[in-house]
Each structure stands twice: as C-alpha cells, then as structure tokens.
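Each in structure tokens, the structures are laid out below.
In the two complexes below, chain A is the common chain; its partner is chain B in one and chain C in the other.
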Partner chain A sequence: MSDAAKEAFDALKETVGRVTVDDPKMQAQNVDVFYGDKQAIYDVTLDVAKNEVVAMIGPSGCGKSTFLRCLNRMNDTIPSCKVTGDITLEGESLYSKDMDPVLLRARVGMVFQKPNPFAKSIYDNVAYGPKIHGLANNRAELDDIVESSLQRAGLFDEVKDRLTAPGTSLSGGQQQRLCIARTIAVSPEVILMDEPCSALDPIATARIEELIDELRENYAIAIVTHSMQQAARVSQRTAYFHLGKLVEVGETKRIFTNPSHELTENYITGRFG
Partner chain B sequence: MNNATTERVRATLKKRYLKEKIFRGFGITAIAASLGFLVLLLGSILIKGLPAFQATYLNVDIELTEDVLDISADASTEELRGANFSGAINQALRDRFPEVTKRKQRRQLSGLVSSGAEYALADYLAENRDQFGNTVNLWLLADDEVDALIKRNKDLTQPIKRGKNKNNESALITRLSEDQLGWLQSFKDAGDTNVRFSSTFFTNGDSREPEQAGIRAALIGSAYTLLITFVLSFPIAVAAAIYLEEFAPQNRWTDLVEVNINNLAAVPSIVFGLLGLAIFINYLAMPRSAPVVGGIVLSLMTLPTIIISSRAALKAVPPSIREAARGLGASPVQVVTHHVLPLAMPGILTGTIIGLAQALGETAPLLMIGMVAFIVDIPQSVTDPSTVLPVQVFLWADAPERAFTERTSGAILVLLAFLVVMNLTAVLLRKKFERRW
Partner chain C sequence: MDKLHLDQHISQQFNQELEDIRNRVLAMGGLVEQQVSNGLIALLENDGDLAEQVSKADYEVNAMEVEIDEECIQVLARRAPTASDLRLIVAVIKAITDLERIGDEAEKLGRFAAELSSSNQILEYRKELRHLGGLVRSMLQDSLDCFARLDAEAALKIAQRDDDVNAEYENLTRLLTTHLVEDPRRVTEILKITWCARALERIGDHSVNICEYVVYLVKGRDIRHTNIAADNHKNTSPKNDPNLT
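This part shows the complex of A and B:
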C-alpha cells in the first residue's frame, strides 16, 4: 500500500455508497468478527436484496469468506470465531436463540470454492438435502426434484445416463455444477457462493455464470469472486472489502467505471491486490 | 536452467541414485528376512502340528455278547450306557493274544488302546443295536505312545532307549514295554494299524489323555470371549471416538481424556487381568473362568486401540465433506452418520480387527481371572467355565506327555486359522464399505 492509500484506509470510518436496499432479503448490521483476539471483520453493514446478485471483491485475506460464512452461520463450528452485530434474514435475527442453524442453512444454501460432492451417487448427492428436510413425499417427487435441480444447474443432459455413478467421478466443472444442483434442490431463499469458479475453465465458468443469472429470478445471491470480469458480468451490486473493512458498495456498473474511494480505484485498476 | 545449474545437478545425481539403491536394498532385505522367519515359523508349526489332526487306530474283533457286556439283549438305552465296554475291549485283546496271562501283562495289553475307546464303542452300539450278540470288527483309537510310534513309522524291533535321546537316533524312545512293542508289531504285520484323519481334535475338550484331548472347548471359549469383546468394545470405542473427534469441545478435560486413552493403550495387559479379578470377580461376584468376564477384561484392553485408530480414521475424512453436509442443513449427528462414518468405516474396521487380533492372542489377563482351568466340557454359554486357544496352547506346552507337543502346534494352527478368518472377514467388510466410495 502506498502511503496515500494507507492514509485513506485509516481515515475510512464509514462505507462509501449506499449499503442498504429497499427490499432486503438479508441485512447485516455493524458486524464484527473475531478469530480469537484477532479481528477479521470491522463493523460491516450490508444488505442483500431479493432477486439480486451481490458480488464481494477484495484482496486475498480481506475477510470476504469470513463475512459470507456469517450469513448462514457456517462459522459456528470454528470454536475461536466470535460474531457480534446483527444479521437478519427476512427480519429474523440469525444469531438469536429462536433461530435454528439447521433450518437456517436449509434457507441459506452455500456453494464452496472447491467442489465437494458427497461420497455418494450423483442422484444421492442431489437428493440428500430434500431427503433430510423431508421435502419429497415419495420417490416420484424426489426424482422430480433431482431432475429439475440437475436441469437448472445445466448438468442433467450430461449425467442423465449415469445418475448412479459416484459424484466424485465427474470432472471438476461438472462437480461444481452438481454442488450447485445439490444446493438449489432444497429451494433455499438465499445462495452464498464462495469463489465457485476458481477451479474451473472458462467454458465451465461461463455456464455457471449463466446459471447464476437465471437463478437470480428466484433467489438472492451473494458471490465472492476474485475475477472482476466475473463480478461485472453477473452482479447488480458490488461490495469492495479491504483488510476487514467494507470500503465501498454500489451498483456494479458504477463501481467498475467510476469508483468513489481511492482504495477501490486502486484495486479495480490493478494497482494492488 | 543455465549450464552451471545443470552441471551441479548432474554432479549430485549419482549420489542421489546410489542412496535410493541403498534404501531399496535395505527394504528388500528387511522384507526377505521377515518372510524367511515367517516361513520358518509356519513351516515348523505345520510340520509339528499337522499330525495332531490324525490319530492311530488298531483293528480289533470285539464280541458284543450278553456275557461280555454284562447286560441283557433287551436293555434300555440307559442301561446300555452302563455296559462293560472296557471289559469287551480287554476281552478282545486277550483273545487276540491268548498267551498273555499275567496281570501286569494284561494291563499293559489294555494300555495299547486309548481309555476313550470304550466310549466310542458305546456310541457304536447305541447306533447299531442290531449288532448286539455279534462279533464286530472295529477300529479303536490307540494310546498316545502307540500313536507317536506308529506315526513316526519306526522300526519297532530297534533297541529301546528311555529318557532323553542323546543323538542316538537309531534307538526308540518310548514308554512302551518290550512286550507292548511286540504286540504292536504283530498288529502292524497283520495290517491292523491305521493312521487317519481324526475329528477328535476338533470335537473334544481338554483331556489328561493326549490322544483324546481336543481344542473344541478352547475354540468355543475363544469365540465367546471375542464375541463379548467385540460387542462391548466396538460400539463404546466408536462412540467415544466420534464424540471426541466430532463433538467434544477442545479444552483441558478433553486433553486429559486423550492423554489417558493413549496411556491405557500402553498399560501391560496383566494389569487389566488384575483389575478384572478385583472388580468383576471379587467385588461383583461374576463367575470365574467365564468368557463373559474374559470378554469384559479384553474389551477394556481393546478399547484404547479401537478408539485411537477410529479417531485417526475420522480425522482423515476431508473437512470439505463435513462443510458440504452442514451447509445443506444436516444436523451434526446427520453429518456424522450419513457422511463421516461411512467414509471412516474402513479405517475403524482395520483398527477393530487389530484390537480383536490382540485380544485373541492374549493370555496373561485371562490367567488372572481363572480361564486357565482344565476344561473338559464344551462351554454352552458365556457364563460357563471355559478356556481360550492361547491359554490352551500354554497349558499343553507345559504338559509332560510328549504327545501334547503335536497338540500344542495343532492348537497354534487353529489359532492362526481363526486369525486368518477374522482378517478375511474384515477385508470383505472393508471392501463392501469402500465400494460405496
């Protein structure tokens, strides 16, 4: 960081741009996250609207994944991790006593950076979520859910002849689409994606981006990405994180063409990151 | 790479390859040596133990008449059991050698046949009542000294040497008298001796007479003991491992538990035996010499082994699988039972088999709780007095009769076979689980 940038960062008290939206699906307010004594997220406030894709960008280690994982309490299992502030889903507080993490994760699904299919068949991978949540009343309904999920993930045609083959026998890109199918099979309200394309080739990436665009009709999506082109292609709003602070939020087009904050500009123009 | 680097790398190559060669050489030597010892060990046990599965029989014509058996023709099955079968056998032997008249000689003559032969004869008559009153031709089990001589196919006319053989290979070493050798020779000349497979070794319990001693009681005892061990230790150990690995908070208490488990794995097994004696037998008044107590003691000993290997297996399951399941809304128990456990199962089974194999070969703690008893009857339940294979080996190895040597090796063979079957089961189970990826 140049001295000027450092000054700009230290001077940063409040996120630049409008962090709230008119029809929020999820709202994070003044969220701090600590790993033990070390603070990873500083006072982040950010909304995710219905039917929109929010992209989170920023240099490595700035806390994008940490923030994303707070949105469905995946951080619960890290003993040293402490979250303060308030996060709500449709107005219900995530970290209140009434919120059951199992139910929450059925409503807020997650796709991980590395494809991680279960050690089960392709069919069982997709059917697992609906099964444990009791979403299908009989086998035929389950078959329907599996087929439509695979279809929406753009994978059905490739695997329809081998649904009983292990999920791990697919290629990396297919596996990631399988993971997406698995996530949408439980019909969540929000989908969190942590660098879903980082292990994929451009063609597979393009397919997944298309898919994200389609999914936006029914879901709210938050996606972490290192590719600014991807953020520009799939998202409506973009949030720029820097060393645990949310520096700037705004319409994607504006962020990439006319960033307000010096740090955002530096990152976008490739001066660091 | 520039030229200087290339030169430098090349200079080190020879040394590196040499090191690899030396390392490989060590490895191959080690494997060859261990294989050699294994073959030697197995070979010697096989050579010594295989004769235990065979027995020598003598062909005798036996009169099954009212006079000889001392019962009437219409005797009930009960009464038949009490008939004078040993008398019938002695009579048959005396008929064959009418010149034998002295009491001492007669006793020696009867000594050629095993004292168990009369029971075989009783069984025969019970099954063939129509033979009552006839003279039948039967093969009777021979005494162990006879068995030893005939099996080694020695020339019975050689000089006899009593006691230890000091390189005088041509001498017979036997407790049989010269008279007995003569009679035996006559049996042999007439073709009335036969060495064949005998199920006695597998169907009988222990006996003071080597030719009647079998491993059945010990085998059943081992099976019962291992069953108890498995039933107790497997679920407890797996549950403990899952709790410690997946659910327990990381704090000083869990650290303490972990250290203690690791220490327990290193406690000498006899200590568990003493514990079993003090708690289960003296305090809880459980039966002595019973597989149930043996099983409990051995499961205490096996628990740490299974816990440690199960934890290793659970740890080896990639965290991404757990995250994926949790991210879909699986509850912690579902994450474990649906995803982690199936993937860890092969490793858990391997650990279990190692633990059970140790338990199968364990002697010391079982001596403490009295499983060293002389068991003739086949145990019918887990509370019946019984012994186990390694203890039986230990008992027979200690017995003075020479014929017990082959029984000892035979028992070791059975123990090894038991082990192989166990390992095979584990491999098959593992295959089954692995096929589910």
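This part shows the complex of A and C:
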C-alpha cells in the first residue's frame, strides 16, 4: 500500500456512506470474524435490502467472501472460525440457539464460484432440496417446483427434453443456471452469490446477469464479484471491502462515477493503493 | 492534472494513454486560444493576411477534435474507465466539442475580418470590440488554465465573468442597431460587425461550458443549467456531503 493509502486506511474509523436501508431483509451489525488468532473482518455493519442486489467488491483477501459466508453460517464448517456481532434475517438472529442452520440455508441460498451440480439427473438436482424440506406433497407438485425453478433460472427450454440426463452433462453456464434453479427450488428469501460468473464465458455471464436482475423481483441478493463491470451492471448498491474493513457503501451509480473514499477510487480505477 | 494521479494506474499503458489525451487537449486549447487571438487582432488591426491565415487554420482544430475523440473512444472501449478516469474522459469529450466550436467562431472572426479589412467602418467600433474581445480572451485563457490545473474553485469564478461579457455584448448590439437605423446604407458592414460581436459572445459561453466540465471532473457534480453563483456559495465537496447515499 502507498503511504497515502495506508494513512487513509488507518484513519478509517467507520464506513463511508449509508450502511443501513429503510427496508432491510438482512442486517449485519458490528460483525468481527476471526480465523484462529487472525482477524479477517473488522466491525462490519451492512444491511441487505429486499428486492435489491448488493455487490461486494474488493481485492483478494479483503474479507468479502468471508462476510458473505457469514450470512448463511457457511463459516460454521470451519472449526477455527469465530463470528461475533449480530446478523439477523427478518429480525431473527442467525447465530441464536433457536436457529437451525439447515433451515437457515434453505432461507438463505448460495451459489458458488464453480458450478457444483450433484452427480444426479437434472431433475433430481432441482428436486433434492424440495424433497428433503418436504415442500411437495406428491410427484405432481414436485414436477411443478422443478419446472418452475428451471423456468425462473432460464434453463427449462434448453433441458426440458432431457431432464433425466446427468446435471454434469450440461455446459458450464447451464450448470451454473442449474445451481441457481436448485437454490430457488426451496423458495429462499435471500440468495448469496460468490463470484457466480468467474468460470463462465461472456455469453453465459450475460445470461446469469440477466437472471440476477429478474430474480431481484422476488429475492434479496448479495453478490461477491471480482468483476467491477459486473458489480456496476447488476447491483443497486455496492460495498467496497479492504483488508477486512468495509470502507465504503453507496448506490452503485455513485460508487462508479464519484466514489468518496480514496481507497475505493484507487481500487475501481486500477491504481496502486 | 496531478491531482487525478493519472500516473498511478497499475497499467503503465493506461497511464500513458491518459497522459497522451491530456497533452493533446492542452495542445488543442493552445491552438484555439491562438486562433481567437489572431482572429481578434486581424479584426482590430484590419489585417487581411492574418484573417486569411485564421480562416485556413481551422481545419487543424477540427482534426485535433477528431483525433482526441478517437483516443477517448478507445479508452472507453478497452479500459472501461470508472470514477475520476471516467469523469476525465467524459469531460475531455465534451470540452473538445466546445473547443472546436470556439475554433469555428475564431474562423468566423477571421472571415469577417477579411471581408471588413477594406472598410473603415470597423474603426468606429474598435474600442468596444477590443474591450469585448479582451474579456472573452481572458475568460477562455483562464478556463483552459483551470482545466489544466483542475481548479474547480477558479472554474466557478471564471464562469461568472460571462455576465460582464453578455452586458458588453448587449451594449455593443444596441450601438450597432442604432447605427443601422440611422444609416441603412451600411447594413452589410454593420451586420458583419454584429456577427463578430456575436462570435465573441459565443466564445464566452463555450468557456463557461469548459468551466462546468472542470467542476464535474474535479468534484463529480453537474452544475450545468444551475445558478452558478448559488453553487459557488454552497460549494460543498461531495466528500463532506451529508446526503451521501
């Protein structure tokens, strides 16, 4: 980091811009995350609004994925990881004893960087979640859920004649849309996406981005991306993370034309910082 | 443009491209300033040769506009600039359009100067034209200067000087109208002098536009079609704006 950037980072006591929203779906308050003795996230407060895409950007190791994973307790799987502060979904605390992480992950779904379909048929990939959560009473209902999920993920027309084919037989972009269909099959309230397009070509990426925009009508979406242009295209708000701190949050249209913090400016313009 | 830290991109080539665009804009500004200056001298000194020269040199200004536009398009397409880089490219694209128009006005000055060089009519209005020309020339010079130095505060002050230009232009128009009524035989010459005054007044307007782009570039605020005087008083930096969203 340059001296000026280091000075600006050290001087950062609180996030620049408004971290709260009027109509929050999820609220993270004063979240610290530690891996063993090492602190990965410092005092992050951020809301995710309903019907909004919030993009999290920042250099590698800035804590954006770590923070995203806190939002559906994916970090529980890492024994050395400790999360403090409070994260709520519709006012319910995620880390309270009453919260069942399995049910939580049905309410807060996640799409990963690499498409990871189960070694099952296309149909079963989507039907798996509704089955284990008992969302369908009979085969016809399950068929409906599978079809509508594939429809909403923009994949149905491409796979309707081969629903019994393995999910892994699809192209990368189709596999990722299958994973999105699988996520929305359990009717989540929030969808978390961790670099969902980084393994895809520009056409598949454009499809997923279009899909993200459509999904926003029904879900709250938080997306981590390394592509600044993608953040600019798909999100309404952008959060910039740097070395574990949330530096700046703001409307995407402002962040990309007139960011307030020097570190945000340095990052999005590709300057040393 | 040191305040924009144009030389601090990780991509050296991008640094070079932006630096090159910046240098070309400054060069184009210099050429346009020279054109206005020469056009004015030609008009005031009845210098037909210089007037011809101004008229002919306008193609250089036009060519520079096209070249800089092309470079800006390349940067937009290949670098997808953001934040201050984006504002720089947008400000440059807009500023060079105004510079090119100023070049056109200078060319008009040259053309009318050449046509009026055989007439003594201009002598009667030399004092007023000199005054108006002086105001406009210094406005243009200062607006280009604040573009080079990225001085948004100065830009706001310079833009306000357009009121003086407009007042002087109206004075001169009144004189010319009266003259026209009193001596209709001189209508062709009087009209040409009026068009010269009009060209100078327009250069003032384009200089205001350049000042507005400087404010946009430096502060990220669009002050076009607003009350610049009021804006100058407010003059809050976006970084201190409590309404940050």
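As a working rule, the second predicted complex is superposed on the first by the 271 of 273 C-alpha atoms of A that agree within 3 Å, B and C clash if a C-alpha of one lies under 4 Å from a C-alpha of the other, contacts with A are read in each partner's own complex, and residues count from 1 in each chain.
In the analysis below, contacts are C-beta pairs under 8 Å (C-beta built on N, C-alpha and C of every residue); 3 or more make two chains touch, one makes a residue touch a chain.
Because the structure is predicted, anything quoted here is derived from the model rather than measured.
Peer 1: Which of the two partners, first being chain B and second being chain C, lies in contact with A:Glu251: first, second, both, or neither?
Peer 2: The answer is second: A:Glu251 touches chain C but not chain B.
Peer 1: Now for A:Gly129: first (chain B), second (chain C), both, or neither, which partner does it touch?
Peer 2: Only chain B; A:Gly129 stays clear of chain C.
Peer 1: Is A:Lys50 in contact with chain B, with chain C, with both, or with neither (first, second, both, neither)?
Peer 2: A:Lys50: touches no partner chain.
Peer 1: Is A:Arg182 in contact with chain B, with chain C, with both, or with neither (first, second, both, neither)?
Peer 2: first
Peer 1: Looking at the overlay, what does A:His226 touch: chain B (first), chain C (second), both, or neither?
Peer 2: Neither chain B nor chain C is touched by A:His226.
Peer 1: Once chain A of both complexes is superposed, is A:Pro259 in touch with chain B (first), chain C (second), both, or neither?
Peer 2: A:Pro259: touches chain C, not chain B.
Peer 1: Quick one: classify A:Asn116 as touching chain B (first), chain C (second), both or neither.
Peer 2: Only chain B is touched by A:Asn116; chain C is not.
Peer 1: Which bits of chain B are touching chain A when the two form their complex?
Peer 2: 249-250, 318, 320-331, 334, 338-339, 342-343, 436-437
Peer 1: Which stretch or stretches of chain A touch chain B in the complex?
Peer 2: 72, 74, 77, 79, 102-106, 109-110, 112, 114, 116-120, 128-129, 132-133, 166, 168, 179, 182-183, 186
Peer 1: Taking the complex as given, what residues does chain A use to touch chain C?
Peer 2: On the chain A side, the touching residues are 2, 16-18, 228-229, 232, 250-251, 254, 256-260, 264-266, 268-273.
Peer 1: Going by the contact rule set out above, which residues of chain C touch chain A in the complex?
Peer 2: 5, 8-11, 14, 80-87, 220, 238-239, 244-245
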